[in-house]
Amino acid sequence: MKTILRTENVVKNFSGLVAVRDLSFEMAERNIHALIGPNGSGKTTTINMITGAFPVTSGRIFYGDTEISGMPTYQIARLGIGRTFQNLKLFHSMTVMENLMVGGHQMMPAGIFRFLVDPAKSRQEEKQVEEKAKQVLDFIGMYDLKDEKVSSLPYGRQKMTELGRALMMDPKLLFLDEPAAGLNPSERVEFVNIMLKTFDLGIDLFLIEHNMDVVMNICSRITVLNFGAKIAEGTPDEIKNNEEVIKAYLGNRYQAEKA
Amino acid sequence: MKKVKIALMALVLVLLIAFPLFDSNLYHQQLMNQVFVNIIVVMGLNFITGLTGQMNLGTAGIFALGAYGSALMCTKLGTPVWLGFPIAIVIGFLIGRGLGYPSLRVKGVYLSLTTIGFSEVVRLILTNAIDFTGGSQGVQNIPFLNLFGFEFNTPFKIYYLYFALTIIMAIAAARIVSSKWGRVFKAIRDNSDAVEACGIDVANLKILAFTMAAVYGCIGGFLYTHMMGYINPTAFNQDLSVNYLVMMMIGGIGSVAGNVLGAVMVTLLPEILRFMQNYYWLIFSIITLIFAVFLPYGIVSLFKKSERQERHFDIFHSIKKAREIWGGRIAK
Amino acid sequence: MTIWKEDEKTMLESVLQLIVSGIAMGFIYALVGIEYTLVWNSTGLLNFSHDKFIMLSAYIFAGTFVIRMGLPPAIGVIASLLVMFLFGVLVAVGIFNPLRSMASPIFAVMGTVVLGRILSEMVRLIWGPIPFTLPNYLTGTYQVGNIVIGRVNIWIIVISSLLVAALQIFFKTTKTGKAMRCVQQNKKAATLMGIDVSRNIVFTIVLSSLVCTVIGMLVIPLFTVDTAMANMIGLKGFSSGVIGGFGYLPGVIAGGVFLGVLENFSTLVLPAVYKDCVGFVLMIIFLLVRPSGILGHRKNLR
C-alpha cells in the first residue's frame, strides 16, 4: 500500500506555546483517515500545517514523495490537496455557482492579455468551468440553489458549498475540518453519504471530527491527539478499546454505551 | 429588464455624442473631458480597491507619473505625442510591479502605507528636481495630441477622442469585472485564505489588480496632460487620491457602471454646488462620510433590487441600522 | 595640522548634533507610531486621519488657547488635553464604533480618510487658511561644550520618554490598561472574560487622541501651524511601524528612533529636500527584505 501523506516529527510553537509536538504519522492511499482528540489538542493546527496555512516550526511533511512543508499554500493545493475550513470560509458576496467557479479558477490558464484580445478563447474556458461546476453541483445535490447568494443559505448548505468548491479543483486528497459539526441529524446523514460518494470517486479523505458515530462508521484509520502529541493510532476497533484514548477523550460513558 | 438597460445605454450614448454639438460652451466641454479622464482612473482604482479590497491611497502619484512621463518626453525630448500612450502603459506596469511586489507579497495593509508614501515622494521629487521637472512651475506648453496629422487642439475635438477611448477602456474594464478575474478579485476581498486554498496565487493576482489600476491611472494622467497643456505638482496631492476613492465609493464599488456614475457626479458636483462656496468641501465630505456608513455599496446598489445583501438603502433598514450602530453600542 | 584638527572637531560636533536632533525627531515618529498602533491593535483599523488629529490639537493649543485667549502655555496644555479628550470620545463613539461594524474594512478605511478631510476643512474654516507660528514657545538653544542643541529637541526627548514610561506603567499596572492589552491581543477572548470591548475601544481612541495632542504641541516650534503640518510625520509614523515591526509597540518606538537618526544622517550625502524620501525607501526595503521589522515580531501580519 502506498503512502499518500506522511509527517515526520512535526512541531508547532506559537510564541512559546507548543500546539503540536513531535507528530509523526502516515496515511495510506485509498483510506478515510480521521484525526480526533479533545478541543485544543492541535488537530486544526496540524491540518493548517499540512495545507501550508501555517509554517511548521520543525519537522517535515511529505505528500507522496514530495516534501510539502515550507511550500506556500497555493502550491500545495495545486499538487492536489483540497480542504474545507472549520469556520466556513466562503465568498459571501457571491452566489453558489460563483463560489464553485473560483474553485475551478486554475482550470483557466489564459493570461490577462490573451483574455483581452481573444474573447472566444476566454468564453470557451468559462463554459468549461461552468459545465464542471454544474456537474459538481449535481453531485452535491445543490443544482437548484446555484444562483442563490451563499450568505442567504442555511449552514448545512453553506458547508456543502465549501465541499463543492474544494471538489472543483479535482483534489487527490481532501481535508475536511469537522464536516459534521453544526449539522442536524438528517443533514449529517446526507453529508456522510456525499463524503462516501466522494471517496468512491477516488479522492482520499482526511477528516477531523468530533462526532464518534461518523468517525467510527466511515473511517478506516484513526489518529488520536492529546495536548499536541499522538497518543494512539489504529483501526476504529483498536481505538475504541485503547485505555489511554478512553481516558483522554472518549470518556467512560462511551465505553459503557458500547458495552 | 435587459432591453430597458440596453435602451437606456443607447439613449445615454446618443446624448453624449450630441452634447458638444448643442452645448458649445468650451468650459463645459473641457469639464466633460475631465469627466472622461476621471472615469478611466476610477475604473482602474476599482480593480485593486473596489474588487480586491486593497486600499490604494496613491492614485495621485500614479496619475502624476503618467502625466509627467508624457509631458517631459514631448517637451524635453521632442518625441511624438502618441508615444506617450505606450509610455504611460509601461510606467503603469512598472509602478504596479515595483510597488505591488513589496507591499502585496506579504499579507497586511502595507499597500495603503506604501502607496500613500509613494504619492508624497513623487510629489516631493516633482517639486524639487527643478532642472528636470520644472519644479513647482510645472511643465508648460505641452503639445496637444495628434493622430495622422490631425491635431486635437480644441475641447470639442478632444471630447470625441476621449469619449471613444473611455468607451474602449470601459468595455475592457467591464469584461474583466465580469470574468474569472473579477470573480477571483472579489473572492480575495471576501476571504483570501480560501482563495489560496483553491490553488490560486493570491499575491500574484493582487499585484495584477494593482498593476491594472496603475496602468489605467497612468493612461488617465497621459490624457489629462495633453488636455490641459500645462501641469504642476501641486495638483497631484493627497486630496486627489481621496477624490478618486470618493468617486469610486459614491458610485458603487466593484461595478463599472458605479465608477462611471461616481466620476460624473463628483466631477460635476462642485460646479452645481458653487453657491456653497467655502463650505462646499466640508459639506461634500460630510455627505461622503454618511455614504460610507449608510450606502457603502454606492448609488448603483439602489438599482440592484435582486441583491438583497447589498441593498442598504431602505429607510427602515437604515433607521434600524442607525439604532444598532449608535444606540446599541453605547448602551452596552 | 591644526586646521585639520579643527575640522575633525566640528565634524564630530555636527554628527552629535545630528544625532540629538535625529533622536528628537525619532521620538516624534515613535509617538505617532504608538498613537496609531494602539488604535490598529484594538480596532483593526488604520486611522488615516491621525495626522489631522495632530494638526487639530496644534491649532487648538496655539491658535485658540495661546494666541486668541492669551493663556500661559502651561494652562493651554491642560485645556488642549481636555478639549482633545472630549474630541476623542466624540470621534470614538460617533465614528469609529459604527465604522468597525462595516461590511468590509475598505469602507472603514474610507471613513477615516474622509474624516481627515472633514477635520482639515473645519480647521480651515475656523482658523482661516493662513499658516502661523507661535513665537517664543520652546525656542532657543542650549550649549553643551561646542554642541548647540535646540531647546525644543530636549523637550521632545524628555516629554516623549516620560510619556512612553507612563504608558508602560499604565498598561502594566492599571486594570483599564491590562484590559486594553487583552483586547489588543484577542478581542473574542477578552469579551468572554467579561471585558467590555466597545468601551475599551473608546478608551483606546481617546488615549490615542491624547498622544496626538502631545505630539501636536511638541512639533509646533518645528513647523508652521497649517493644515498640512502633520502630513509628513503621519506618514513617517507609518514607515517607522513597518521598519520596527507593524502592530508591535516596542518595534514602532525602535523604528521611529532609527528612522529619525538615519534620516538626519542622510543629509550628509543627499540634498536636504530629499530627506523626506528616506522613510519611504526604508519602508520598501524592509518590506522586501524583512517584512517583520527590526525587532522581528510577526504579530498582526494579516
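Observations on the model:
By letter and in written order, the chains are A, B and C; residue numbering begins at 1 in each of them.
The definition used in the following text is that a contact is a pair of C-beta atoms (placed from the backbone, for glycine too) under 8 Å apart; a residue touches a chain by one contact, two chains touch by 3 or more.
None of these values were measured; they are calculated from a predicted model.
When chain pairs are compared by contacting C-beta pairs, B-C ranks highest.
Distance from per-chain Cα centroids to the pooled protein Cα centroid is smallest for B.
Of all the chains, the one whose CA centre sits at the greatest distance from that of subunit B is A. The distance from the centre of subunit A to the centre of subunit B, with each centre set as the mean of the Cα atoms, comes to 41 Å. The geometric centre of subunit A is 46 Å away from that of subunit C, both derived from CA atoms. In terms of their C-alpha centroids, the spacing between subunit B and subunit C amounts to 31 Å.
Shared interface positions of subunit B, i.e. residues touching 2 or more other chains, are given as 189.
On subunit C, the positions that touch subunit B within their shared complex are 46, 48, 93-95, 97-99, 101-107, 109-111, 113-115, 117-118, 121-122, 125, 196, 198-199, 231-232, 235, 238-239, 241-242, 246, 271, 273-274, 276-277, 279-280, 283-284, 287-288, 291, 300-302.
Subunit A meets subunit B in the complex at residues 51, 53, 72-75, 77-78, 82-83, 85, 89-94, 98-99, 101-103, 105-106, 108, 112, 115-116, 119, 122, 125-126, 129, 149, 151-152, 165-166, 168-169. Note for the complex: subunit B touches subunit A at residues 172, 175-176, 179-181, 183-184, 186-187, 189-191, 193-202, 208, 212, 307-310.
Residue ranges on subunit B touching subunit C, taken from their complex, read 49-50, 53, 55, 57, 99, 101-103, 105-110, 112-114, 116-118, 120-121, 124-125, 128, 189, 238-239, 242, 245-246, 249, 253, 278-279, 281-282, 285-286, 288-289, 292-293, 296, 324-326, 329-330, 332.
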